[in-house]
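Report on the following structure.
In this document, chain identifiers A, B and C correspond to the written order of the chains, with residue numbering beginning at 1 in each.
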Amino acid sequence: MLGEGILQGLMETARNFFGSYIEKDRLTTVQYPEERFELPEASRNFPFLLYDGTDPDAGLRCVSCQICEKECPPRCIHIEKSKDKKPDFVGKQQFYPAVFDIDVSVCMSCQICVEVCPFDAIRMDKVFELSTGDRFGGLLWDKHELSKSNEYYRQIHPVEAAETDERRTKEKADAQAKAIAAAAAAAAKAAAAAAAPPSDASSNGAAHPNPSKPVTQ
Amino acid sequence: MTVAGLDQIFVTLKDILVAHTPAPLQTIVGILITIVPIIVIFPALFAVTTILERKGLGRIQNRYGPNRVGPWGILQPMADAVKSLTKEDLVPRAADQVVHYLAPLVLVGASFLGFAVLPIGRNMTAVNLDAGVLFFFAIGAGTELAVFMAGWSSRNKYSLLGAMRAIAQMISYEIPLILSSIAVVMIAGTLSPTLIVERQAAFSHGLAHWNLFTPWGLAGFILFMIAGTAETNRSPFDLPEGESEIIAGYFIEYSGFKFALFFLAEYLEMFAVSGLGITLFLGGWSSPVSFLAWIPSWAWFFTKLLALIVGFIWIRGTMPRLRMDQLMNFAWKFMLPMTLVVIVSAGIWRFLPVSFGGSAALGGMVRWLVCALVIVVPYVIFARMLGRGNHIEKRVYRFAE
Amino acid sequence: MSENLLEIDPIAGQGEIMEISMGPHHPSTHGVFRMDVRLEGEQVVRLKPVFGYLHRNHEKIAEHGAYLSAIPYTDRLDYLCSMTNNWGYVLAVEKLAGLAVPERAEYIRVIVAELTRFQNHAGLVGFLLQDMGASGTPLMYAFREREKVLDLFESLSGARMMCNYMRFGGVRVDCTAAWLDDVRRLLPALPKFVDEFENLLRSNEILMARTQGTGVLSRELAINAGVTGPMLRAAGVNYDIRKVDNYGIYDRFDFRIPLGDHGDVYDRYMMRILEMRETVKILEQALRDIPEGPIMDPKVRLRGLRPKAGEAYGRIESPKGELGFFLISDGSTNPYRYRVRPPSMINLTILEDMCLGQNIADVVVTLGSVDIVLGEVDR
């Protein structure tokens, strides 16, 4: 009948009108600056560099392998390797980035840099209130602006951080165990070499322990 | 302060003020005191309506309306006013400058003139014309002219399309508008709105003699409001300003304050048409039941006006737009025959005897039934014809094997 | 008014013909899209679609970088349906490199793809009503449902729209049991929403009067023009790539393909509504049957994928139609040729034939029913 559908439509809108006052889940608006919406854990916005401990330079995990620079689809990362090395979390000497720039106005938050990094050095941040008045310089972040501590990472992505930390402690423990075993083997070799009569070392075919590798704690 | 005193408070105020002015100026002051409140109150009502509309539509769409400016956003019209006053007034170089400038003024002027004949309260008609209803419809034609002036002078194809559509629509819907009011005029026997309201203000069995409570009045009221919505280019008849197709149609080239004037004029027309509907069908300033008659007459008028405005907003939030040819079909093939049927029904109401077999109550019911039947049967017939003309069908869908 | 200032007089044109450009700035053209329409009174006598305003060199960029770096760019093709875009591309590369996908990853892919289909169709029906002037009320309802699906995507992949979720040989991260429970909790609300919208379409006379009989596309013309997706099925052709190719694990699910008879705008919308119902069925089945297991073959290299030289065409049933990716590999890390078959653009080529003889108001409604997203049309 003509008019029936229209009346049904009117009833529907009236129901929504009154419902928006009565039912809480009809009005899903979050009044922004006063109320905030909690982001889910997996949420990602722009990358940041991780450092362990409290010193951003000493604890920086990035070893400047430049894999993220190569894989970044819009090529927004610029890295320059340092000339000297510093020890990483297992004690091995690694390069570090002298310059690590990300142009955030180009970055498309695809998170491929995070996936391909073999050193857990770069992760995605969740902060989105990043407006700045300076269009070019303000959106070009250098190493210091990008470095954030592992504590911060644990706060924003607890599950991922727990996983990463577990893996890294295991790696470190393995590395230490290996180093102790290697040192014990070296000591045993040295003791054996000192105890046995001196002979042609090359005819033994035994591997020389590397004296330049320090045993660190 | 008696009930009657509160009811007549504005009339008494005016009389006092006029009495205190020197004799040669009394007519001018009297006229000014009548006109200035209209020019102040209805735009203020416009401001309230804009915020009501935005918040109402927002709630219908399950969101808050504007709520930043002032508590619950009630100062939003202030912000809108400041915005429209401070925007740059762009006039296209190729536009017809004079006509472009005059169009909003003519529109607003014509809209304001409609309020002159509406009885806003007991003894509170601005101009007590004997042919008030005729005057109202004559002024309505002025608004159509202004819309066309706006569309034509802008030298823009979109605005031209919008203006053409507006003219076709407004002219087509004038006829059901006028014809549905003819029934009331016939029964009341006068074209004067004041007298029409007074005829409806009598009570019997505690219920007023509103025209709405008769079958032809109910049908006539619905038809009048539909035609009124079309006259003022409100949704679902806002094709001339079809926002998603020709983006603002006839006022596409207006910015700043002139745009605000168009907006103002649209809402003023809405008030004027609602006001006339209230006068003709809803008993103007009278109360529906006798035990509420102590509420002042002007309060009743504005209450009814607000109710109709809420109805407009409600319909806007619900319905999509009709297409041009469907609009025309609806006007000529459905509304026009229905208004003629309403006139016939009103005639039968007038001349059918009120008592039936000696009983007045039975006679009243028989009269109601007969008139209602005279309206309902053609309604069903016309609706079927319209549906068939529109090729609307219920479809069943099959699934692939 | 000085005569020198008159450019082309819009009123005194060629007789009664008026040429309007429903230009790139328009509230209803679903993006930056222009239509040069020639009107006689209110009837359309010629319509020329002009697109390219959003061309971003997607294919060239993908050829310039490695296979992995093209995945985020595919998100931005049809930016409303990023998961299905990813799937199309990943399917093509898997064909090229001969990679197998584990069970759990296939189920996850189906779940996110069907959720994408649902939110796309919901948004589209809302936009139809918005274009027809219902001032946004149904649109708000549709977007409320869409927001729930987007929240699910955010908790799964990290981003609401540009998900970048699928990888060659699987998906990027595994979904937790909590996420699957969230989806299960969302499911009962979806049919209720579809019912509401179906009621609206079936009973509102104004809607029916405006959409029935407008923008008619015949079967033969649809097949000849290469139209795919709900537009084709509304014209009565039984062609859904999920049933034809059985890619992924779609042969395990029990769902039906709705078909229309008239090929007009009303049929296309009802197609989408009925497809939304079928989507909910598929989701229920997938959530019931999803197994535990790995989400990616550990031997697959993420970086430096070098498929053997050859070509492959991977296609899926995206919510808009047949989305295909044609890849030619020359054995190096970058594709030699990367070509996207955009369903929106191919469906758009038939716009003029559908709109001739209709009113200009119908053009907008017809364009809405084609369901274009300019990111895909222009790439």
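Just so we're on the same page, contacts are C-beta pairs under 8 Å (C-beta built on N, C-alpha and C of every residue); 3 or more make two chains touch, one makes a residue touch a chain.
In this text, all values refer to a predicted model and were calculated from it rather than measured experimentally.
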item: A-C or A-B, whichever has more C-beta pairs in contact; value: A-C
item: Maximum centroid distance from chain A, chain identifier (CA atoms); value: B
item: Chain nearest the global centroid, as defined over all protein CA atoms shown; value: C
item: Between chain C and chain B, distance of the C-alpha-averaged centres to the nearest whole Å; value: 44
item: Centroid distance [mean C-alpha coordinates] between chain C and chain A, Å; value: 34
item: For chain A paired with chain B, centre-to-centre distance based on mean C-alpha positions, whole Å; value: 65
item: Residues of chain A engaged with two or more neighbouring chains; value: 2-3, 6, 9, 12-13, 16, 28
item: Per-residue multi-chain contacts in chain B, two or more chains; value: 60-63, 317-319, 387
item: Residue numbers of chain C (touch at least two other chains); value: 137, 141, 144, 204-206, 208
item: Of chain B, residues touching chain A in the complex; value: 56, 59-64, 67, 314-315, 317-319, 334, 379-380, 383, 386-387
item: Residue numbers on chain B that touch chain C, as the complex places them; value: 57, 60-63, 93-94, 96-97, 155-158, 160-161, 235-236, 238-239, 242-247, 316-326, 387, 390-395, 397-400
item: Sites on chain C touched by chain A in the complex; value: 61, 65-66, 68-73, 75, 137, 141, 144, 147, 151, 154-159, 162, 164, 172-173, 196, 199-200, 203-206, 208, 302-303
item: Contacting residues of chain C [partner chain B, same complex]; value: 1, 5-7, 10-11, 18-20, 26-28, 42, 129-137, 139-141, 144, 202, 204-210, 212-213, 238, 240, 243, 256-262, 266-267, 270, 274, 359-362, 364
item: Touching residues (chain side chain A, partner chain B) in the complex; value: 1-3, 6, 9-10, 12-14, 16-17, 19-21, 26-29, 31
